[in-house]
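To start, the structure itself, in structure tokens.
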């Protein structure tokens, strides 16, 4: 019984406990302990990160001559760590008062616990895939488990979930076709066999499977043309469910892409694989898809008026950074991309938890009906503040380190336009996260929110744990970079030479210990300078300069709607919803196709039509 | 680099920055006065303003976040000063490159944005939304210029960039090697300073000085100190990127004052652009020039 | 030029009983008409007489005859002439008909007259306070309201003290010397 | 020009300042305060048309360190120019209370002194210092910019010698001022600024701060406690 078996069994146990005790109030607490046990089981395998070896699971069987094996290496260990901790924190969030209110409002708490446990189990199975077949099986399990998590809230989430599953099914069929093509060449599903065939395949032959696999995995990662389903699906999932999905679910696509692109095909091959009759290589295509995935969703998020939709759109945008970093292929870029997976998981979960806490207290996430909550919900404000600093990628937090690595690799590789695209994405994020925190927590406190209280401890604890993690990994990025160095060694990427504070290289290093230290020293001096002045006198919210006007509580003077009018006047006409038009075009095309094929089998008298086809088949077989 | 040496540098650099910044603010107000054919303020006027503001009796605050906003505004710039190498003192420039400096320069404006948010004043919120849009506008040419210079110098460490430019005197200055990037940088610098044509977020007549609407006493004093740091930082960044940094203090100060004087002379001749015109202008010319400059640098 | 204007106005107003047209200046006529015929006159002036612009309604308080006099100044862009229609209404009920349906600007003039003279116009869109939002006292423009008495009992008078100027004159300033003399 | 308005209430005794530098520090503060005055850009009446020429190239107030500022929070001097209609007086008092002290009020034009040519008008307030402590009057039916600047220099001298502390009078005799204001505006007159809280915080309580007028205000006042962070 290898450590991997213990992990899988524990995860199975969690699902069983969720089924049995999910509806009971103590059930959530039990589940949290089992997730903690899973985390412990994972720590047993922590040895994977420092030397590139593999732990195989004893669970393996053969069907029709194909052997299915499960094994863990540093890459899957890293993703499993994020998955299990995301599951742990969201279950801790659900176990407390949020769960009680969710059940009281008619939500199915039992199904939510089961869905999260199933998601974690299926993700662990996907991460452990030893060969292409298990990869596909794990992929299907994950997409169905997340479908279950999305659909359980009912109402608008059903429509979003069905849209997701059509995308996922399309993606899965593409992956199956890709695998079939590879099987055609290698007639075996194991990774080494697939690897040496794909190395030697000619470009014409290689393009088909590569394109199909990338499209398939791109659906889950919400790459640009296939991203329309994710925002609505994640936003309408109940609070902690959305946090779990936002943190890790769409990164499974990235894991599978790394396995296929880097381990099987090999990044060197991808870099110089030319696109037919054009001068650009496959890497440029992927890089520009990633760059546009950064820009368009971020500027769509800028216009959202619902906090959850805004965060979900940012989830798609940040996925672009991860792919951009990986596709660069050098030590810095891939380290930046991989570290961004961890960073994004931490602050995206913290932000979704904070928004769920505000929805728990005020009942709405509409940015035009909130305001001034910092005076009533300071801890949720703190969690959101740390989250948005991380999401925007500003110095003290970990988001900055991974974005710095991506920028530095773009600089070294000499890609000015990609660099500008990434910076435009970051600035768009800064604008929209300030709109988020300003409309929710700053400005005028409404009369009806005057006596709400801070969210209960069971909800603020996970938020604050995540905020501490975001800050600590920002201060000492070396902790995460050591796992990433292990991954780079196993996956075959150039390894990054990291130090505890960050990266020290000849062409300009980053030492977050010094940068954050100096920043806080500056804040200290600023505080000394500030408190050397006179004593401050706090004044009431209405004691405000309004051009000689007497402000009163019934006037709503909080500026929140159409928050960036100047910018929108300039780039407003660019929002032509062209991707939504593309999607509806594909939809109507498929509808037309299905209508025309209907003509064949929906006859007035189906019987004789069946007879004719049977005779034709017989003839064909005979000849 | 032993700890004591670093400690001295970390305290000395902000002080030098503040004093030089005071004289830059004085130069700015004198130039403005001369353009309007006025006498202009006396020598130590900026210092008197700051002393008076810190000495006021009642300090009005709207909450703890309002105070933290000002602390982050001043503290952010103090931290940014230590990353700017000056003759004789390199601070932590080698530990944090150009990109980190560009980000640390964003921390003060975002801290101030949080502070102004809690003042719950619609003028402040409108001012902040315009300030962030202007930041989105002027950061793109600034980043293109950083890319060009870092690509040409091979490293994004300011100390190396300065060393590279001081190799053989004027001929190796950034402005001579890459004139297009230098001009794009000057244009972006003008927008960063937020002086007149790009002053939409302080528009006194429309939104009562935008973010500063509820800042009195030591809050306004903190913002005046931040203005000194802002002018100094803008001047020093440009000199170290394009004018070969400082061999000795004299030439360094002359270059920094000259760099800051250019946008200010232009500033007081122009009325205010609307927000979208600021974005359209800054995204059109400096970005194009910067990209062409990079094209020259790259091959 | 002004003869045929008066002839035109005479023919216009001949079917209104008691309308008396007097020519004040080349392009300025005065029509005196009694209260209930005024709306009809204005309708005629606006319709047939092309007097489309109501520039003002002014009110005069004849306290001795216990009457208000309302003057409607209407202007015509075609004949470039002004007609001011005068009418007298009794002071005590202080109610008159609004001409808002003829001229839209009348709403503001009537609201102002209501605030200043207490004259109520039926059919006028709004009769609330217009400028004197802080004023609770009687309509101040009426002649029976003595502003000076109200000021005397609301405010206190500042006693004049010549020493205040002593220091100024000692310093050589404050004496009324014309600026051109100082310059010599 | 009226030299000084005598402060009727006796000076609230300041706690003995022990350290020897206290005097030097006060001297420095008064000097800095006199050399840098921010004038509130609030044109209350007709006299304000004299201020732009005082600021621009011919007379240039910036030589004296005076800058026009837009919001009361940033301003030190409130120039009440021209007639003070009752409607404007409400806004003047609101703005005055929002200014950070030490603050100074200068009544420009004769209308603020004794009502000027609107002396018998029902709509204007006659004596400004009944409602606000006024440091300085500049008479004239719109005084020329030279007069305005000489008035400002007079104020600068007063501040330099620490003689311009009339703003404390508003806190120490708040009941008197509030009474006059309620007499003019009616009994449910209130501003969103918590003047009594400010007086208590900065130790400017005088014997006449509280009285029957402030009780009337308490009964009418909407709550003015600041929004404290609550866990």
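Labels A, B, C and D are assigned to the chains in the order they are written; within every chain, residues are numbered from 1.
Methods note: a contact is a pair of C-beta atoms (placed from the backbone, for glycine too) under 8 Å apart; a residue touches a chain by one contact, two chains touch by 3 or more.
Source: prediction; values computed, not measured.
Path length between chain B and chain C in the chain contact graph, taken as the least number of steps between touching chains: 2.
Chain centres here are means of the Cα atoms, and by that rule the chain farthest away from chain A is C. The most centrally placed chain, judged by C-alpha centroids, is B.
Of the two chain pairs shown, C-D and B-D, the one joined by more C-beta contacts is B-D. Chain C and chain D, compared by their mean Cα positions, are separated by 39 Å. The mean-CA centres of chain A and chain B are about 36 angstrom from one another, to the nearest whole unit. Rounded to a whole number, the gap between the C-alpha centres of chain A and chain D is 58 angstrom.
Among the residues of chain A, those in touch with two or more other chains are 372, 374-375, 445, 535, 537-539, 541, 543-545. The residues of chain B that reach two or more other chains are 55-60, 62-63, 208, 213-214, 217, listed in rising order. Annotation, chain-chain contacts: A-B, A-D, B-D, C-D (touch as defined at the top). Those residues of chain D that touch chain B in the shared complex are 28-29, 32-33, 35-36, 41, 56-57, 60, 62-63, 65, 67, 69-74, 76, 98-102, 198, 202, 226-227, 229.
Residue ranges of chain A in contact with chain B, taken from their complex: 372, 374-375, 385, 392-395, 400, 404, 407-408, 411, 414, 416, 419-420, 423-424, 427-428, 430-431, 434-435, 437-438, 441-445, 506-511, 514-515, 518-519, 521-527, 529-530, 532-539, 541, 543-547, 557-559, 563-567, 569-570. Against chain D, the residues of chain C that register as touching in their complex are 132-137, 140, 147-148, 150-151, 154-158, 164, 167-168, 173-174.
On chain B, the positions that touch chain D within their shared complex are 29, 33, 36-42, 44-45, 47-49, 51-52, 55-60, 62-64, 204-205, 208-209, 212-217, 220.
On chain B, the positions that touch chain A within their shared complex are 10, 14, 54-63, 65, 67, 70-80, 82-83, 92, 94-100, 103-104, 106-107, 110, 113-114, 117-123, 125-126, 128-130, 132-133, 135-136, 139-140, 143-144, 147-148, 150-151, 154-157, 160, 200, 208, 213-214, 217-218, 221-222, 225, 274-276, 278-280, 287, 291, 294, 298.
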